[in-house]
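Shared between the two complexes below is subunit A, which has subunit B as its partner in the first and subunit C in the second.
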Partner chain A sequence: MPEPAAESPPTRLCSATQAAQNGPMGSYFDEMWDDGESLRAPYREFGAWFEGEDPARLRAKQREADDLFRLMGITFNVYGRAEAEERLIPFDIIPRIISAREWQKLCRGIEQRVRAINAFLHDIYHRQEIVRAGRVPEAMIARNEAFLPKMIGVNPPGGVYTHIVGIDLVRTGPDEFYVLEDNARTPSGVSYMLENRETMLQMFPELFSQTRVRPVSGYPRHLQRSLAACAPPATTGPPCVAVLTPGIYNSAYFEHAFLADKMGVELVEGHDLRVVDGRVAMRTTQGYRPIDVLYRRVDDEFIDPLNFNPESALGVPGIMDVYRAGGITLANAPGTGIADDKAIYSYMPDIVEFYTGEKAILQNVPTWRCSEPEALAYVLDHLPELVVKEVHGSGGYGMLIGPAATKKDLREFERKLRARPGNYIAQPTLSLSTVPIFSRAGLAPRHVDLRPFVLVSPEGMEITPGGLTRVALKKGSLVVNSSQGGGTKDTWVLEE
Partner chain B sequence: MLGKTAGGLYWMARNLERSENTARMIETGQRIALTRAGDTTDEWGSILRAAAVGPGFAAKHGEPTRDAVIDWMLRDKDNPSSVLRAVEGARSNARVVRTAITEDVWEAVNSCWMRLCDALARKVSERDLPRVLDLIRHRSALVRGAMHGTMLRNECYDFARIGTFMERADNTARIIDVKYYVLLPSAMAVGSRLDNVQWETILRSVSGEGGYRMSYGHQVRPREIVKFLVHDRQMPRSLSFCCGKVRDNLNYLATDYGARHPCHDQIEALCQRFASQDVDAIFDYGLHEYIQETLSALGGLSRQIEVDYRFYE
Partner chain C sequence: MRLKISHLTRYDYDEAVPYGLQQLRLTPKSTRAQEVTAWATHIEGGKKELSFEDHHRNVVELVSFEPGTSTLIVRSEGEVELTDTAGVVGPHAGFTPLWLFLRSTPLTRAGPGVREIVRSVEGEGEIDRLHDLSAKIRGRIAYETGVSHPGWTAEDAVEAGHGVCQDHAHVFLAAARAMGYPARYVSGYLMMNDRVSQEAGHAWAEAHVDGLGWAGFDVSNGISPDTRYVRVATGLDYAEAAPVSGHRFGSGGETLSVSLDVAQQ
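Moving on to the complex of A and B:
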């Protein structure tokens, strides 16, 4: 059996049968309860408050939260459904609580990882030392769809490639965190982090006066500052920042508008922009005005019909040429997708070590690259225990969760794997930690993950204390994606 | 500010005002129908013609009947002026300009849309109609209140106000025109009780009865009603009042931006028309023709504003 490409296997894998039978969740690490009885330290104050609450009042609060979200328009559009159908991401009122000590350790790991990601991006678009050193095979870069040859030799303003990063973490024990995925292109979900907290503050002010929770509300201000700090050489005067959205039918439109609003900057679409005198300019009521920094929520492929997909109506013809000439900063930089590609993911421990000279603080989930014949053979033999993901997929689409899959699903995936092995990676099914949700029957444990948000600028790195906790609302389910029936929770990081 | 944002504010406000005015048109039709003299008046056909949504209706339904017309004007997605389409238009424009309006305004628009989607989810029965029409008016009043109470008096507010008054002028003109399309049994009936009842209904549908009484007393005289709806400087739905507001707001923009455009000349000319022609001149010229010309001038002005402030590319 070939070793998976990570330093050590996770210690607490759930067996196929456990996950499949949807049974009691005692075998998982629960973040609120130690062995199902005593409260873990971070939850003590909250637990005491909860004990004293009338469940009927809490149920009313839960409904109040839903109404608030709907009124504020915090909805997302579901792809593949009727146009403009908007849905709420279910919000659960039980917070996910992280102690100051746990958070400190996470932060060190996240910072190290994000530093490595930026160094890696600079390297592969310049001298490719890591390839020369034989730590990452050349084909993984050169033949990767996410590698953007147009970025070779380009120096992004301030030297920053990924201005905004979201690292997806899962937990399997008191001290065991794994990185499930790095989101280095356009991580979304930060508006939920902010609105979830806003909602909790409105509904349960008393909780926040008794428990010292670190605020997250500084995020938009920090985002604005960190974007402005990356202004390009062509900037004259205070940097003009704008957010580029694909438009109101995009699933994350609410977030784009929300961030532009909170930063106090313009929200633009491709058809508001054009290249004027070597700058990217927006059409205002008084003519065209140049933009210095564009926080773009449009994918690389669509950002410039002249340089990339000619069919795209979402981008700006020629923006890439302006970018390369130092006329505008794009955040995140084009071509950053290579760093969060699932095939590259398996090399992350090497990448971290190569650029920082230290062992990675955060562990990778062991990963089999199905492009390698031995790995493929192992994966095919153990399919019912593994999670198989598409290398370029996202949003929980096109993945197989072995323990929960039907015989038919398994056969279908076997066929897919044999046909295009290079398109897949496989990982063991992790026993994700649980946090209770407030269900009709009271507290019930559900699996969660965590996406902290990181801002990078030449002045340094800023990690918002908290992040987006996604929760699989279905009993036993391990899929937390909102497109697949996941919900969210407010995430608390406690003061020391 | 982005040209697109200016356009979004303008159309958000126009759509909201339209939803309210379509409700007023329906109310006018309902009242005329309830008070008609018995025989073959075609009040619902007149409503469709005045609202300029006749051809679309005819293609889908043929002859107008009460139920079909009310449904067409309230809920039909094929009718761009139906209340439902107008409210959807207002909300989707509000989403586009989310960064230019306050949270209060956004929530008022969003809850207006949510409530009306519920209320208009199925056919509205005759018994429920007054309640639904009230709801439409109340919801649009809430948005107007939120705008008035929370928005900075800056370019955003100016574009929204221009949209509001452009649409209101358009609708007042159309409501006056309903009287042209509603046939009297014969030419002899001009000045009859029925004629007067119809004029009164026009007044009611713009919430103008009280105001009219204060200015002109209890006697219903068509010329004075027209004077009230076209020239009155105090009546907030009169053509002159609405165009005056459009002019004021366009002038604020000119001052802020330090630039005048062709739209400024057009609105001056339009306001001049109201100042220079009295109501007798209008009747001599032909009320319907006068109204039609006003509508076409308003349409031209709207297109000019779009160009001058770069709503589109």
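Moving on to the complex of A and C:
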């Protein structure tokens, strides 16, 4: 990489160095500023543009963006206006920029990992070779609530179990990325990726004419194509794809509606569907029409009251039977949670190696499984330095961030760990990279993560160049989850 | 021995059913001990939508109600040629791992009553111990029809001290699993020697013994299945192996009547 031109950052900007003087952020890798002095290569064009902008105009633009999102939020939540406010996730106008070279390397790692996840799922629901080989302990599967016996022996079309995957990544250095979590069930957030870009294009069209940013707008088209390519044997004619939502009270309803709309397919609820002539069919004005591929955003437990939770009113009775008989493709397949479980996560390097024959390109965060007595002892001794997570938890709930925890929090977690050690894993507190946000005082570094979205079909894998960058808006905070005060940024992958 | 079976299940509903589905597990498969030479299921008041093999390798047929019907009749008929294998079904087959059969279910949870029975089990070899378990259960829970409830758990039956074949099987499963044996529920048919018309389908249990494979234990009759037993479906408990399990819309009660003929050819 060429040395950046010697230029001093404009005084009105708050560089990483300046931030370091104000807070504890200095030891973190900043993606915009090299040594807090000069712009890193991917940010040069943007930095030059930013320098020429009037902060007052940008502040107005930031407010405009907030209004746009509020408007969209309300549009999407017409039935639940009261909830619209709390669902609004703050958007920051400073993009997160990734170079073509960085992206290429990430893609190789993501592709390898997703390939391994699908191979693992096939194996776990068939011969369980990885257990026989002693690479994953039997108890990790046998005692795992995410293992779904009704998936045993199922061969989904093309061998694809997880059609839509979100891999959560964090960065700790120029070339250091870690996978924080795999999302193989129903990863959400892709609508933010699309809306964030749409908003940036509307507000700053000039930015996109001077910087060549790879588009993300093809995602819905690719999703539709990818799903259609997984049509089941029973399909006759062009595959019919639909999106199944739990309904308007679901927190991700707007995303379900948004994706169905962008793909040009029907958005359906359980009560719109029934078994007709051995297929799952939706009610239309011309009678029942069979669905070939259902992008379902209803969890396994609720998808079929005949086969799973009998109390569920969100699902379709018998859909699992139709699925097993080859009459419909469910995306993602039921039972994929066994691959993204936090306890299984710690075996991912082995899983990747077992199925691909290669070393994992993307690193895993070192993980202590508290179910193991030695690991538990270590974790209890080092609680203030560690992050402790629930094995089945998500959304940043029920986790402990040691360095930020109070004595009371630590004591409470120690008690929880001793009571149910198998319910927890622990990881070192990572030095998450920072990207500046546009704050009242100018640019201020904040920690970020990245969720790229991957589409899998028998025809191959497609990784949208970009993804969802989540940013911890609170100074010094390492929790990026929207439920915990996180925001989002547009994510740019530059053309070569 | 060759058995001819005719099994009729009839549901009468107080009100017409607008929509509903029934899963049927009524088709026996050929094994070492039984060769199914002819079998068919006929439906009245409904329609066969599809069939598939579930994770216990049961043939499952999904039947939808004819819209507005108030009667559903399911008739299964066929012939099975039986060979005596001393109750041994054979090695475990299929993708379902043996450890799954160690899982307790809501119907087969081992509580204090089941654990007490487990503690009383005696015998040298594994088979002896399992036969002793079967005898201890029968000694503790008298076979009595019409007094137990179909929703009873294993513990409920131990507490009550009486039950039917389903209860015996559930207690056996709970106890065998507590003893470390993979175990499964079997729903099927038994030809009682003195009659053609049988009261109902039968249920027993199978335990997996290393080196031997799956072996059957009919607690209610104190024996291992012989050539009078036709094995139809298996599962972790009754709920997974039930001949008919359904889901329907509409309120109102239902009346179930079953007629079953098992006769030697």
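A few remarks follow.
Please note the rule applied: the second predicted complex is superposed on the first by the 460 of 496 C-alpha atoms of A that agree within 3 Å, B and C clash if a C-alpha of one lies under 4 Å from a C-alpha of the other, contacts with A are read in each partner's own complex, and residues count from 1 in each chain.
To be clear about the criterion, a residue touches a chain if its C-beta (ideal position, glycine included) is under 8 Å from a C-beta of that chain, and two chains touch if they have at least 3 such contacts.
Fair warning: this is a prediction, and the values are worked out from it, not measured in the lab.
Partners subunit B and subunit C, brought together by superposition on subunit A, fit side by side with no clash. Contact with neither subunit B nor subunit C is seen for A:Arg221 once the two complexes are overlaid on the shared chain. In the superposition on chain A, contact of A:Arg70 is made with subunit B only, not with subunit C. When the shared chain is aligned, subunit C comes close enough to touch A:Pro149, but subunit B does not. In the superposed model, A:Thr284 makes contact with subunit B only, not with subunit C.
Look at A:His126: by the touch rule set out above, it reaches subunit C but stays clear of subunit B. In the superposed model, A:Val275 lies in contact with subunit C only, and not with subunit B. Closest C-alpha contact of subunit B with subunit C, superposed model: 10 Å.
Overlaid on A, the two complexes show subunit B and subunit C touching no common residue of subunit A. Of all residues in subunit B, only 1-6, 92, 95-96, 98-99, 103, 106-107, 110-111, 114, 155, 253, 257, 259, 309-310, 313 touch subunit A in the complex they form.
By the touch criterion given at the top, residues 70-73, 84, 248, 253, 257-258, 260-261, 265-269, 271-272, 282-287 of subunit A touch subunit B in their complex. Within the complex formed with subunit C, the residues of subunit A that make contact are 125-128, 131, 138, 141-142, 149-153, 274-275, 277-278, 305-306, 310, 317-318, 321-322, 324-325, 327.
In the complex of the two chains, the subunit C residues touching subunit A come out as 19, 21, 23, 49-55, 60, 62, 64, 94-97, 99-100, 102, 245-247.
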